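As written, the chains take the letters A, B, C, D and E, and residue 1 is the first residue of each chain.
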Amino acid sequence: MTALEPGSTWVVWLIVSPLAAALIAFLLPRVAAAIALANALFMGVAALALLDLVTEQGPHRYSLGGWGAPLGIDLYADPLSGVLLVVAAVVVLATLFYSRDYLARTAIGPLFWPISLFLHAALNALLLSADAFNLYVTLELLSLSAVALVALADEQRAVAAALRYLLASIVASLAYLLGVALLYHTAGVLDLAALAERATWTPATWAALGLMTAGLAVKGALFPVHFWLPGAHSYAPSPVSALLSALVVKAPFYVLLRLWYAPFAGAPEAVGTLLGLLGALAIVWGSLQALRQARLKLLIAYSTVAQIGYLFLFFPLAQSRSALQGVTVFILGHALAKAAMFLAAGNMHKCLGHDRIQDLHRVARELPVTLAAFAVGGVCIMGLPPSGNFIGKWLLIEAAFAQGEWGWAVVVVAGGLLSAAYVFRVLGHAFTVDDKPVDASGAPASMAWAAFALALLALTLGVFAAPLIDLIGGPGETAVAHLSSREP
Amino acid sequence: MLYSLAGIALFCIALRAVILATAPLRAILAVNVMSSGVFLVLVALARRTPGLVADPVPHAMVITGIVVAVSATAMAIVLTQRLRANVSAPTVEDTPGAGP
Amino acid sequence: MTWQAALPLLVLASSLLPGLVIFALPERSRTLRTALNLSGAVVKLFLVVWMLWQSGQGVHYELRAALLPGLDLVLRSSELGLFFVVLSALLWLVTTIYAVGYLEDSPNRSRFFGFFSLCVTATAGAALAGNLITFLAFYEMLTLATYPLVVHRGTAAARRAGRMYLAYTIGGGGVLTLGTLWLYSITGTLEFVPGGIVAPFVDRNATALSAAFVVLVAGIGVKAALVPLHSWLPTAMVAPAPVSALLHAVAVVKVGAFGLMRLVFSTYGVEAASGLGLAQGLAVVAAVTIVYGSLRALAQTNLKRLLAYSTVSQLSYIALGIALGGAVAATGGIVHLVHQGLMKITLFFAAGNLAETLGVHEIRDMRGAGRRMPWSMAAFTLCAFGMIGTPPMAGFISKWYLGIGAVDSDAAWVVWLLAGSSILNAAYFLPIVWAIWFEPPPEQWPHDKRSGRAETSLMLLVPTLFTAAMALAVGLFAATPYSPLEWARLIAARQYAP
Amino acid sequence: MNAAAWLLLLVPLWPGLLALIFHRRIPGRLVTMTAAVPAVAVCLYPPAAAEVVYPWLLLGTRLGASDADAMFLLFTALVWLIAAGFAHSWIKGAGRERFFVFFLFAMAGNLGALIAQDMPAFYACFALMSFSAYGLIVHKTSEKTRHAGRVYIVLVLIGEAALALAMILAAGTLGTTEFAAVRDGLGTSSSRDLIIGLAVLGFGIKAGAPILHVWLPLAHPVAPAPASAVLSGTMIVTGLVGWLRFLPVGELALPGWGSAFVIVGLAAAFYGAFVGLDQRDPKVVLAYSSVSQMGIMTVGVGTILLEATLVTPVSLAIAFFALHHGLAKSALFLGAGLARSAISTDRRRTLLIGLALPSLALAGAPLTSGMLAKSALVASDAALPDRWATLLQVALPLASIATALLMARFLLLVYQGASAAGPRVGKAPWVLWGLSLLLVVVLPWWVGPAGLAPMTAPDVLAGLWPLGAALGLAVVAVWVWRQAGRPSIPALPEGDVLLPLEWLFINTGRFFGRSSAGAAAFRKRLLNGAAGERRRAWALVQRSGHAEAWLTRWQVALVLALLLGVAIGLAAMG
Amino acid sequence: MTNPERDTLARLARFGSTLAVALVFAGLAFAMLSLPAEPTGLAAAVRAELPGTGAANPVTAVLLNFRGYDTLLEIAVLLLALLAIWTMRRGQLRPQRDPGDVLESLASIQAPVMLVVAGYLLWAGGSAPGGAFQAGGILAAAGVMLVLAGSGWPQRLSGWPLRVALVLGLSAFICVGVAVVLGGQEFLAYPASGAATIILVLEICATVSIAVILLDMFLSVLRGRASRTDTTASIDQP
């Protein structure tokens, strides 16, 4: 695999291109938007090309600096990272497209573009990373760019939320880093595949697991340490909320997933059950909190808290292949749907001047496309067919049934019902008669359609998810096998 | 080994300070101490056995870590300043997510 | 591979595409919207009839798309599905005409007709679904597409009804999902095949299969309005009359009843369902529903609420028919799908005519309505008698077959139930009929809207009379070849063929 | 389909079509009267085949009018024909169109039922007739008609339900819908007695069997004269026809059911007469007379059930009796109607003489149709087991005496009641009434079944004694009454046993009403409880905000994160 | 919430956190003590590959060659942080009030010295401890001192020159990396012959960027202080 195959540099371009674009966007603010959009388009192409590559040729390793792990740093791409890269590109593209008109109606300066490009770079780098310490760096780059974007909303609460997010994130990163230190001094390597081979199940590994999981749980806003999320996701500018909820918050989970298959593959069942329980609690608690919010964006933010819970149901069910498949499809579906909902909420916010749910009926007639986007996104969040979330939930329940643990299945379904409750609490206002419509010029068509396109993708994801599902953890291949099948 | 234990201690004491901090600046300072603890652990363990050459990889990690910590600290300080500065009046007067 | 291979998809598209376009239409382009609606409905009818004809020639269509590993989305033209889809296509056309007339000058028509079309798309999809997961998908789609119609008026009552509707149907959908997966975890397939898929597992997984059946019935039973999952239906009557027609006759509850058929006939298979004692349980639930619905109907003072409770009761005839475990009873149940649809849609149309033309909603205001609106009220009367089970109306045929089937299946108690239920039906319908024809009309109707020479707009009257005539015709000519009854007989025979 | 098939189909179809076409404006008298013409035509030109099958209609319909059915059809059609013409000028004012719609539908149902040879078709026609007749009864809106209508409709419903049950059980167990096959196979049916019992109940309501007869004396007086004529002359006979169709007559002997029929029939014959005697309204008297006469026909059915071999002569005899009764009773009702109109003294005499004719016929006077009919019924008694034969030989003449008394009472009441105060009527009703009288006199002799015993002088004399006895009894009774100081005899209420029945019905209803009110209250409590739970749950959700506020505090959250790490670390130890 | 309650809660939090932290310490210490005494790291591998890296100092080799990618991202983090700070920058930088003679003279002496030290650190980084970050830090410190001493010229670096200086380090990394890729090698794989030169160039560029970024961060904080008002802030949501 060390031999260079044609086109295998896609992994490099996926990281370098957004970085370079960020520099250009910084230097030339006037073309920043164009650069960012062009980059996002290119990222989409590159991610698809990479996905095609790993589908055709199997998992793909790229040794940076030519040294190769464990001495150097390897990039690693498999279908899992491939599909996540694709969906990241899609969401970023739609969000940035949306942002062009959004920014024109706010005081947010052109620095938005380079920062969002850094965020995309960090995300791609994280998804392609195969090195425990490099993951730390990418996590930091991601967190800092996310914080920076949140702080763009020039508003007291947003700044406070950003600060909270930043501090929580630093503390979590440090816990993770300490974990990395322990792992390195146990196994002497940083490459995940190498760690998987050399890691022993010793107290240091236990501690590392505790530290890293706790850190990643904070960053990933798992209940009960979701404290920073509602504020940061709801007070941020709407396109930022979309990026955060759709992509950024999934990154720590992805890292945990990778670790779960590498150094912590030997973790006892109790750890998985514990994480699963927290996930189940997150589903219930997040949904209940969403149900009682008076503000739309807070509702959506709490919905994210709940939906993150589903991801963690993976851990108790990890033995079934369909659990990984389910969680992957779920991430895709949630990313698209949640981004759509936040973008739609942004439109309503822009038109109304606020996002109080009880006043939403005033925009209902003026913003049909926006509303449709929100509704479709909401339907996906509920997990109704044929959305990706439905497929994801289906596979999770299948895994639960396969392992005979029906409790998780009930949680999955109950979460869907709860989400229906809060989604329709909003949609109920769409059908209320009102005579005082507002001016809809705050949300031009481009913004509405960007949201709608994402929602539609989320809804139809289930229809074309089948080939993706087959890729993930295909027969005889699991993420572990990918990582350890590295040639020395 | 002693240094690494000291690092852990630093980490833990600072963590407690972070938890109890109410003012952001205190928290920022504490976080920096925490990171020092982590770096101390990394570096101390790199030379576990006296006499042997220190492992350069943890050192490099520490340097990278320091840069990251500096960046984050700078951001945190500016954010704190922004928070204290009387920014534009809040436009959203609703109750936040937490609270009845 | 010709265009015909995509026929099931075209059937869906014929209502989906007009629906999507209608969403985008501005409110004032009435002609275009109506044209789209009607052409969609006509095309759909043509397509399903074509498909039916081809099916008669032995040509069957099947479309598959992979959804999950080992699970496909399947659209297939089966006899049972075609039976249902023809009904819904026909009634859709009629209801569309009616709705165009009914909603004249009311706001949000584009939204209304858009969701209306989606609703029918979902129904057609559920009818043509070739496996349980496809059915589930369209079942959920139907839930969502109907919600905006229920809350269409936008009033507080409408929203309350909408909430209740959702609470029940979404909950039902969730339960159905769980049951589906449970079943899947046992059988490893969800395909609809005559005779069912569970037979090989009956010996080993009897308990799990039974429990899954209960869960599945609980999921589907919400839409089929089985007691105690029925409460949403009477509440949803706040919706405009065409929506009620859609809920009660064309789409929602019908999909529920159809789902029960699919569950018993195509998933569990008659043999397994009876063998495990599940069908018998279903029969008991249906019987309770029949009696309870009628009793509740007796207590109603609002016409549409009464009709809604009547639906609760009538719908369970279908469930009863399929649960009795004999071909004859099944024939009665299957054919009641059509018969109940025709009769109930007429009743709702007539009630709508009253509401729209005279502003009459309560039963006590219906006095003497026969003099003012003889045609609508004649249609109402005819179908009320049909509901009671008086020949030669459609309802008689259903009850006749159910009764004979019950005797056939050694469940003579059902015959008594039918008789008792008929008397209850009479007890709540006949006073209304009496008031319509024998009481003097009031000096002043609540909101009399005179419209030309006819008693009401022809767009409202013609569909009403058409469905009433159909309800009479399918009863009167029940034994004719190609009648719903003959068709139902054929389907039932297939299910019970050794 | 050939012409005969079309003609049969037209029997019910034509009146129905007329009703639909002319529901807004009634056509001329002659057009109205054509409604019954197809039925008459069928009798005149009977179809070659016993049954014509219409496989496309309903569940495969069979129509036919052979033998006894033709006789039933003939008089029914004629009575309807005359009644239609009569009604055309009789019914006036508001609701006239409605009356005719119901009238024609009832006619369609009645005629159709007589030719229907399969259960669904019969049931359909029977129901059409029964429900339409409601419209005839309540034509004159008043509290009295409403009451009559209510009683009628409740009994109709019970009857329909019983019939539906009987038919479904029969069809279910025997696998056929044809009456012929049901008659054949009913004996083998597992639920034979249940089916027969239900059929007895269902048709008995129509036929006015004792206790089930209560609607008759209520409905007849309130209905307009032509409506009463068809109700009493033809419609109640449909119940009898139903028995003959449905019960296994001629197939097997059912001694139990046969005895029941005979006894119940005799009871009805006497009971009807006695209660009728104590009535004040001539139309009520006629109604009770119908109960009584139907009782005699019921006895006929009983004899066939006792002795299967008697089926051909007795069913013909019953048909003939029905013909006689139908013609006579309709003539009486029309006349009773005329008696209430404004008439001159001349006309009153004509009326009384005219009414005497059918009255005598009913009483079985010699040379009348009654004589013929009764002798036809009695003729077969000899074939019965001895005790039944003896009973009937004693009872039937006694019934004749009772009828004669009843008729006398009727004539007396008409005589007393006639006045010049009633509404004016034209000539046409009188002409049609005359026509009906003519039919009473002529038709029985014309269609008289060939098998009937020839009329000899001794027979005529024998036929006279019951009349004489009746006369004697009447004289004695009047004498006794006068001797007793002309006490006022309390009138039995119309519908006699209805009172306790209604009391029972209403109180049962009240009971259920109370319990349903209790159930409603319980339901309401339940719903309120549920609403309360929902509110509490929602309040809990709202209050969870406090917990969330606590959870999201910096210190709490970080401690939780710490604990999470510790917990994971501990869990990792395994 | 009343004060006593708050106090109770605070005490509870203090006690709880102390307990929890103690628990964590115990766990971590246990883990630490259980580590194998034998170092298991990559020191040997680094030593073995050192000759081909173009750097004599193993730490520098790791930083710029073996794990040069980390360093690239690290500079990106630094730049990003600055951009983030810029988005929040408000107000004008007021000149420092009379820094005093001592500081002024000290600065004028020390600044050139620090420049030299930075240059040395950069140069020595190749073989001994030191390198771009250290050099950049010293340079930035010099700038800070000049600013504090009232010198205006660090602020004069603005506009295009400033922006170019800021992105220099990251750009250099990217350019080198991309150039190598275009040359058919892996990203950031330096040809053995030119490795030393490349590393030097990269270090110089990185030093400049790091220095400017750090200095600018400091200036931004100064501006923030200038516009501060008297409200208290807390980590908890307002």
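Simple rule for what comes next: a contact is a pair of C-beta atoms (placed from the backbone, for glycine too) under 8 Å apart; a residue touches a chain by one contact, two chains touch by 3 or more.
Note that the structure is predicted; figures quoted are calculated from it, not measured.
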### Query
What are the chains that subunit A and subunit E both touch?
B, D
### Given subunit B and subunit D, the chains that contact each of them
A, E
### Query
Out of B-E and A-C, which chain pair has the most contact pairs?
B-E
### Query
So which chain ends up closest to the centre of the protein, judged by Cα positions averaged per chain?
C
### Chain at maximum distance from subunit E, centres defined as averaged CA atoms
D
#### Entry: Distance between chain centroids, defined by C-alpha means - subunit A, subunit D (Å)
78
#### Entry: Approximate Å spacing (C-alpha centroids) for the pair subunit A, subunit B
25
### Task
Give, as an integer number of Å, the spacing between the C-alpha centres of subunit C and subunit B.
65
### Query
If you average the CA atoms of subunit C and of subunit E, how many Å lie between those two points?
70
### Query
What parts of subunit A, by residue number, touch at least two of the other chains?
133, 137, 140, 144, 147-148, 151, 156-157, 159-160, 163-164, 167, 171, 178, 184-185, 203, 206-207, 210-211, 230-231, 289
### Task
Give the residues of subunit E that touch two or more other chains, as numbers and ranges in rising order.
13, 17, 21, 24, 27-28, 32, 35, 39, 41-42, 46, 66-67, 70, 74, 77, 80-81, 84, 88, 233-238
### Interface hub residues of subunit B, defined as touching at least two other chains
11, 15, 18-22, 24, 27, 41, 45, 48, 57-58, 61, 64, 68, 71-72, 75, 79-80, 82-83, 96-98
#### Entry: Those chain pairs that satisfy the touch definition
A-B, A-C, A-D, A-E, B-D, B-E, C-D, D-E
### Residue numbers on subunit E that touch subunit D, as the complex places them
13, 16-17, 20-21, 23-24, 27, 235-237
### Message
If we count contacts the way the header does, which residues on subunit D are in touch with subunit B in the complex?
### Response
542-543, 545-546, 548-549, 551-552, 554-555, 558-559, 562
### Query
Of all residues in subunit A, which touch subunit E in the complex?
4, 9, 12, 16, 19-20, 22-23, 26-27, 62-67, 70-73, 108-109, 111-112, 114-115, 118, 121, 125, 133-134, 137-138, 140-141, 144-145, 147-148, 151-152, 156-157, 159-161, 163-164, 167, 178, 182, 184-189, 198, 202-204, 206-208, 210-211, 231
### Query
Which of the residues in subunit A come into contact with subunit C in the complex?
322, 325, 365, 368, 372, 379, 382, 384-386, 390-391, 393-395, 397-398, 401-402, 409-410, 413-414, 416-417, 420-421, 424, 427-428, 431-433, 462-463, 465-467, 469-470
### Message
List the residues on subunit D that touch subunit A in their complex, please.
### Response
541-542, 544-545, 548, 551-554, 556-558, 560-562, 564-574
